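First chain written, first letter: the chains are A, B and C, and each begins at residue 1.
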């Protein structure tokens, strides 16, 4: 149904791997490289030209790389100059500006708005309508739930930008705000509708506006079984690299 | 202006009622049924194939039903396997996943993100950018104002999902969060920017983060006249089935 | 790359200034006027017909005016009956309903949702996903940061709408709510995740839910230098009319 080569436009130097499928009404601009078996669904724009294209002569579109076995759902806008590791998975209508660097196996859900010039580790999950500002740095296995916002200008409007930093395995619940320059450690949980205005140490549960650390996350019980829910890697494996073998066995393989 | 049959694509077994109008650049996939006099505006995708379509052989698109006299504004993405009663009205760029069941006369505004596998009664109004998670259950005449989020995973990430439940005639103001498994009764009002973390009894006004019941809603005065604003059905009838006859007369007809 | 005149449709009485560029897959409906050197990027809809078009005979599309030297990024939906001064700049996927009146040099970022029937002064900046309700009145140089919502119905649902009013040079941080009928003075700063439920006097810093005035904004220090950050016009000039000459010199020219 989806792949009829109708109104598909490819620019110059577009390199498609084996078995790549491009949906109808999709445009891929110059200098885009797409890995094997990747699907770019319909009505998408990949390698969207940057601002200079419109206003400066001699513009050349920077390279865009989308890894193998990826699935970009319809109506994506991905700017030239961003890179994505293998197994990228997106929802619909994502907007991703230039200079975003994603590791492998990342999820970027429907309506997510990634401002570019930011780095993301492997296995990050950015859910619906997440807004990530420039100069953000996310570790591996960071999950950001819907409508959470990262900010970088603490005295707006100013010329002084400080992106937030988030450590590995940290989870931020829906509708939260991370204020400029804040560092959230690894293995943290931020409760829904929080404003994170101060640095948060590893293994903290913080909640509120401003967010206060109220517990060690290892004290939060599971809803599915006796015992602790966090670190969540012992209770959740779907789509994670430790699926089938367990987190400890996988961790040891990493060393 | 809108209906020129330009770049319109219809799949197999698409059944269009009388006087249905389809906008330019719209695609309707297999097994979609659209009732009489319905308008599907331009640049929409109706019957969007589910995940299995891309990765499994022998995929057959589940049935999608949109009732009569509906108006789906432009740039909608509606998945195969969702059903909508008559008189559906949407804003632009709605995204509705599979397994959503809507009653009649519902409104789903611009940028609303309905995750599917959820049920909605009649006359629900989901305003701009509302995000409804899977396993949510909304009654009749439930109004959800912009940027409110329903959640279903209380210890994210986990494998244990509990959708919120909302009773008839309940109103949730902007920018609120309903936490997993929460039941909000009927005839409630939730104030702007609240986090609803506990069940809320019928006829309550609750506000804050976490939301606390501060009053009976029947104590909240109207801004338009002497007396109480709630239950709102005595003060608001535009588009409601009691328009012209009053809520009590209509209620009696129901029995 | 962008301007190939592919699937571009122009209605009746579309007046394009000199050097206007229209992106592929864009439709411009009747009675739209676009100033010199303006770019309307791809996949946009300009002069979107109002509701009456679909249901009433004899519909005539109201005039839409976009000023000179403007840049409307892709996937915009701009309704008939809105006007924009020169140097408009938009992000992607903006939705702007009828009856919006924008001054010159305004920015409307990605996914902003402007409900129409609202007025905006010059040099306003509405960042990503801002939601502005009907009957809002914004002064000049008002900056509204992502996911902030303006509301107009204080006892929803009712028939009594009161839009918020915001004075010149006021800044509203991310994820805030402005409740119906509230007047925020000029030169204010509203902190992230606030609910503004009462009028706010000029030069106030207010924060919280409900927002309380905690300081005079002139007491808030800069992160870039010794001294105060606000009024911000002494510390920020990029894109502002006082760029290169300073705020005082520019102010004097205005008188």
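To be clear about the criterion, contacts are C-beta pairs under 8 Å (C-beta built on N, C-alpha and C of every residue); 3 or more make two chains touch, one makes a residue touch a chain.
Here's who's who by UniProt: A, B, C = Transferase hexapeptide (Six repeat-containing protein).
All values derive from a computational prediction rather than experimental measurement.
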(request) For this assembly, give the contact graph shape among line, ring, star, complete and other. (result) complete
(request) Count the residue numbers both subunit B and subunit C use at their shared interface, divide by all numbers used there, and answer same if that is over half, different if under half. (result) different
(request) Determine how many degrees of rotation, between 0 and 180 and to the nearest 5, align the Cα atoms of subunit A with the equivalent atoms in subunit C. (result) 120
(request) Report, in whole Å, the distance between the mean C-alpha point of subunit B and the mean C-alpha point of subunit C. (result) 28
(request) List, in ascending order, every residue of subunit B touching at least 2 other chains. (result) 7, 25, 43, 75, 93, 111, 129, 147, 175, 193, 209
(message) If we count contacts the way the header does, which residues on subunit A are in touch with subunit B in the complex?
(response) 1-2, 4, 6-7, 24-25, 39, 42-43, 71, 74-75, 91-93, 110-111, 125, 128-129, 143, 145-147, 171, 173-175, 192-193, 208-209, 220, 222-224, 229-230, 232, 235-236, 238
(message) Can you tell me which positions in subunit A touch subunit C when the two form their complex?
(response) 7, 9, 11, 25, 27, 29-30, 43, 45, 48-49, 53-54, 61, 75, 77, 93, 95, 111, 113, 115, 129, 131, 147, 149, 151, 154-160, 175, 177, 179, 193, 195, 209
